[in-house]
Every structure is written in C-alpha cells, then in structure tokens.
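Take a look at the structure set out below.
The chains carry the letters A, B and C, assigned in the order they are written, with residues numbered from 1 in each.
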Amino acid sequence: MTDPVKDAAGAPEIDVDQLPGGARAALEAVLMVIDEPASEIELATALSLPVDTVRALLLDLQCDYDGGASSGGLPAAAPRGFELRNIAGGWRIFSRSDFAPLVSAFVLEGQTARLTQAALETLAVIAYRQPVSRARVSAIRGVNVDSVVRTLTQRGLIEDSGTDPETGAILYRTTSYFLERLGIGSIGELPEIAPHLPGLENLSEYDDASL
Amino acid sequence: MTDPVKDAAGAPEIDVDQLPGGARAALEAVLMVIDEPASEIELATALSLPVDTVRALLLDLQCDYDGGASSGGLPAAAPRGFELRNIAGGWRIFSRSDFAPLVSAFVLEGQTARLTQAALETLAVIAYRQPVSRARVSAIRGVNVDSVVRTLTQRGLIEDSGTDPETGAILYRTTSYFLERLGIGSIGELPEIAPHLPGLENLSEYDDASL
Amino acid sequence: MTLTPAGEMPAGRPPPIQETVPAGPDSDRKAAGFAVTLDNFSGPFDLLLGLISKHEMDITEVALSRVTDEFISYIRGLQADGDDKALDEASEFLVIAATLLDLKAARLLPTGEVEDDEDIALLEARDLLFARLLQYKAFKEIAALLGQRLAREADRFPRQVSLEPHFAALLPELIWRTPLAEFAALAAKALEPKEPAPTQVGLSHLHAPPVSVKEQAAILGARLQAGGPLSFRSLTADADGTLVVVARFLALLEMFRDAVIAFDQAAPLGELTVRWTGPDAEWTGENLSEEYEDTPMPETAAEGTEETHD
C-alpha cells in the first residue's frame, strides 16, 4: 500500500469535499462496495485523505449509525439497522444483531453451522498456542485431532503456516476470518487464559517441557 | 435464498417496534446485507407488516439517504454515500453514483487481470464437478473458498445454477464465457482427467495428444 | 467421592445419573454430562477435578473402578439413545481416567520408599500430569467462551454484496494463459484422493515406541485366564514405563466394556483387583471392539514418558 499522504499530492481530480456529503459520504460510498474489512490505510488511499482524518470520520460514522450525536452537530437519534465495526484489521458494515432473526431469513447463504465441542476446543488450543502442530494439539486435548483440524481448515478458521524446522510437522495458525467470526481485531484481544488456570502459576514451564 | 414469504409464515413473531430503531431500522438491516433486490412483498412478509407500511418506510429511507427531511421530522441533511433504489421490482442499497469515480478507483486498486493460483484451482474443481456447492469445493481443496468463488463469479467465469434440493446450498457451474476463455465449445471438451473419477463417464474421450 | 467427566459431556445433555443437575440447551456446561456417586463425593466430574487440583481432595480417595463402572453405564445409555456423541465422550474419558490413574499411582507411593526407577519416574510425572489436567480444563473453559462469542457474532451479517454492474464492468479484461491441458492437470491434482496426513509426524524424537492397546489386552487376557484374580499393581509390575501402564489401563477398560473381566476394590485405598469373567477359550486381544482404536494413546502418553527421561 502506498503512502496516502504522498498519493494525495499527486492524486487526480477528485476533491471529495466538493461532492455532496463530502468526505464522510465518500467514505460511506466506498464502504458500500467492499466485501471484506478495509483497513484505514486502504480507505485513506482511496479518498486521498490522511489516515487520521479517515479514522476520525470512521469513528464519527460509527457513532452516527449507533444513534449517537455525530460531530456534525446532528442530534442523537435512534440507532440505524446497521453498524460500522472495526474488526480483523479493518472496517466493515454489518447488520445490527438485534435484527438477526429477520436478516437471517434473507441471507441463508454464509450462515455457518455451529462448531462441535471438539472443534471449539481444538480451535481454542490453536488460537492460544499458534503456530502449533497437530501432534501438540492432540497432546493437549488428549484425542486425535486430524479430522477436526481438516474441518477447521476447510471452514477457513485456521491455516497452514509452514512447518516446524525441527520435526517437519505442519504448523497451524488462526486466520483473519477467525478474527472476523469472533468479532475481534487481533489475537491479542482473545480472553486471557490465565484466570482459567487456578493454582498453576508456572504452567508454562510444564507446558514447554512437555510439548 | 429461501422463499422469505414461506419462511416468514413459520417465523417466530418478532415485534419490530420493540427493537431499537423500530421497523425502519429492521428494514435497513435487511437492505444493508441483501445481494439481490428484495420486493416490497418479501420485505413486508419478513417484517410482518402491511405492504403499504413497508412501501412508506422505504420511501422515507430513500429520502433520508438522499438528504431530504424524513417523515420522522428530522431536518434535511447532507446526502449519504449510499442510496436506496427500486430497480427491477426490488429494493437495494447502492453506493451513491456521485462517488462512482472514487469507488471505481478503489475497486480497481489491487485488481489484477490474471487469476491467482488458488482461483485457477478452484475453477478447475468447479469445471470438473459442476454443479457443485462451495462446501464441496472447500472439502476437495481443503481450504475455505468463499472469497475465491466470489472473485470467479465477479469475473463471470462461474455462476449460480440453483440450489441443492437436499442441503439448500447454492450450486455453481461454469459459464459460456469460461468456455470462450478456455477455447472450447462445451464442457464435454474438457480433457478427461482420470478414467475412474465418478461423474466423468460421459465426457468425450480425449487423446493424450491434448495433454 | 465421585469422579465424573462432566467436562467431557456436551452441553445440553441432561446427565442420566444425577437428576439434580439442571439441563437444557444452554445450561452450564459444567452442569451437564456424566456425574457419579461415590462414598465421599457426588457431583460433576469437573468439580471433582477442581477439588483435586486445589488439594481439597485426595486423589487416592477416588475409587476409579466405581467411576469407570458408572461411566460405562452412562455411555451405554447414550448409545442406547442413539447419541453419536458417545464415542467422543468415551475416548476423552479414557484419557482423563488414564491421567488420574497415573496421578493416583504416583500419590500412593509412600514417601521415602522409592525403590526403583519406575517409581521415581511416576513421582516426577505427577506434577506434570496435574499440569496437563489443569491445562485441559482451562482450554475447555476457553472453548466455551469462544463458542459464546462465535454465537453472538453470528447474529451480525456483514455487507458482502456483489459488485454493482457498472463497477464490475471496469475490471480489467481477464488475461488467460492457462492451456487446456494445464487446466485439466490442475483439476486432476486437486481431485486426486489425498492420503490423510500422518498423525505421528515429528514424534520420532520422543523415543517412545507406540504401545498397542490390543497387544496389551492380549497379554492381560492371557494372564487373567491362566490364573485367579490379579491386582492392577501386579498386572503392571513388569510394564516398562508409564506408557505401558496407561495402555494396560485402557486395555482393561475395553475388556471390561466387552464384559470379559470384572473389577473389585474393597476400599478407596484398596488394591484394584481384576477377575476374568469372559469365555475361556475363544477370546483374544483381536476381539476388542474397534471403537477406541483411534485414541492417540501412544502420542499422549509419550509426552509424559518423554518428560520423565529428561
């Protein structure tokens, strides 16, 4: 991605401020055509605006859609049926969850079956131990995870991230689609695992030694 | 997409007025995520509201997005970056045409004229297994193919060919544009890839010369 | 006291044993599933594990044979109901049970009376096994959290519409440079049946030879058929390493399941005695039900074994 500031210098023609609704509406127009989260840098490049400006506009739109008072001085209102969210490294429009029963009748496709308990546990281990081999996940879960790993890969939640230089085993990591499905921005936002390990402060020692 | 009319009949009673933003926001939620224009009847059925009410709400939203005063008594404002249009008997949200140059530039950014390896492989699987669901292609390729299928559809190489009667999943097939690009007259002219693969018995025999 | 792999049970499945446990699609996972009733503990397995891990309960007080007994009838109940979760639960239970058995064996060694290398190995393995149990539990809890988040997120639908026709028309004309034959080769490669990737990749450095549960079952079967009841201790006296002990325990569970042996344990601290109750002649290790064959016993156990050698 090129530097939007520099781009803006040589950028053509379009002065978003001259358009009806200005930069804010221009941002909305772009958000209407993306089919995956768009980063602030991508959006800034498209609009030939500084990233900071774009971020401020995005937050303003987010607040606006949620029914808050916008910086434009408009009064607070009822929330819109959609929301603008920053997840998995980018911004994207979603239908508001309150309306899920209505919306799901229209968008059957893309609805995914719920994960089994086995799949959830395997996903949890991979999320917290990535990059990690199947053998190691098996060791933690105590059961063979081959078929579950295959399912998670097919569903796009995890992916191959190379091989272990020592053992040659394939290592797995979670994908950005995983972040999206979880509604978080990065792996760092996963819930802390430490509170779930009472009385075992030095687990990591055992863990590293055993695996 | 299932028949929303039928679906709604058995749907749990949702009182849209109880939800934040009411029926208007509910309508927005649906409009924001549908891919195909939805008719007033479909929308009315989903919302359990009279068609007239829904039509009035749609016109109100349209006016609102265009920056006009809404019936809610809100003052006129700047138009939004999107607009609600009634085309071919249905309603859908589009990016506002004023921003087309900007949106075009964004859409073209990063677009290449060549298919990625992943796209080619997915296309190959669809060509030899059509009609086939995304889930099946995912299972064959071992990775999630959702975004690649979207790209192939966008490029006009594959298309929706109805739904699987059993699972309801959308089935995909290749298009005549695909045949054109590949330089063949029909699917039957695809080289036979293995004598024992099921479903290929009827393919015309191709000699090794073509391989 | 009672051991119950409650954590292993799927949410929403009412435990058949413990009527008091609330059930329902969204009932707490800890409350669902298998619960057992022992002399000094009644309740879900997770709770018992918790007590043991906080040292509020002594692992040596747990009558594993009773737990196993109740678990097997629980699993039979599931199977009778046609619940396909039964196998999953059974294999997870085996792992937990094997771990508990190791813990118990380690705890039962009187301090200062360590006599051979195997005893030392068991003692060293004890803390490691605790760690494993707790880690396993932690991931189960985290998995439940992830499940809740995924379910909540599934109510939001992303705008993901196809490109408006006038934008799609702007896309550069596709450059197609793939010859027909190459295209067919791509399809052939993608469609060719794939060998499932081996599970054992990268484990060779652990030096732990895989132990076959079937083989161990055959050994145990022969011994039990030859004489009278034998204690678990004597049945595992010649086992060279934790791995073989665990394999023999699994073998006994399977043999019990096939109703060819019975367990006796007089008191919580008493010896576990195994009796042959099956047919005299026809039975061999090959008769074992196939169902648990996928249990990655060697791999799991190898981890602990490896640790003790370091």
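The rule is simple: contacts are C-beta pairs under 8 Å (C-beta built on N, C-alpha and C of every residue); 3 or more make two chains touch, one makes a residue touch a chain.
Just so you know, these numbers come straight off a predicted model, no measurement behind them.
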Chain occupying the most central position, where position means C-alpha average: A
Most distant chain from chain B by Cα centroid: C
Inter-chain centre distance, chain B versus chain C - centres from mean C-alpha coordinates, in Å: 44
For chain A paired with chain C, centre-to-centre distance based on mean C-alpha positions, whole Å: 33
Separation of chain A from chain B, taking each centre as the mean of its C-alpha atoms, in whole Å: 22
Chain C: positions in contact with at least two other chains: 157-161, 163-164, 167
Residues within chain B bordering two or more other chains: 32-34, 94-95, 103, 107, 142, 150
Touching residues (chain side chain C, partner chain B) in the complex: 157-164, 166-168, 170-178, 180-181, 183-192, 194
In the complex with chain B, residue positions of chain A that touch it: 13-14, 16, 19-22, 24-33, 35-36, 42, 45-47, 67, 72, 74, 77-82, 93-96, 98-99, 101-103, 105-110, 150, 153-157, 159, 175, 177
Of chain C, residues touching chain A in the complex: 10-11, 53-54, 88, 91-92, 95-96, 99, 127-128, 130-132, 134-147, 149-161, 163-164, 167, 196-197, 199-203, 205, 294-296, 299-300, 303-304, 306-307, 310
For the chain A and chain C complex, residues of the former touching the latter: 31-36, 82-83, 85, 92-97, 100, 103-104, 107, 110-112, 114-115, 117-118, 120-121, 123-125, 127-128, 133-135, 138-144, 146, 164, 166-170, 180-183, 191, 193, 196-200, 203, 206-207, 209-211
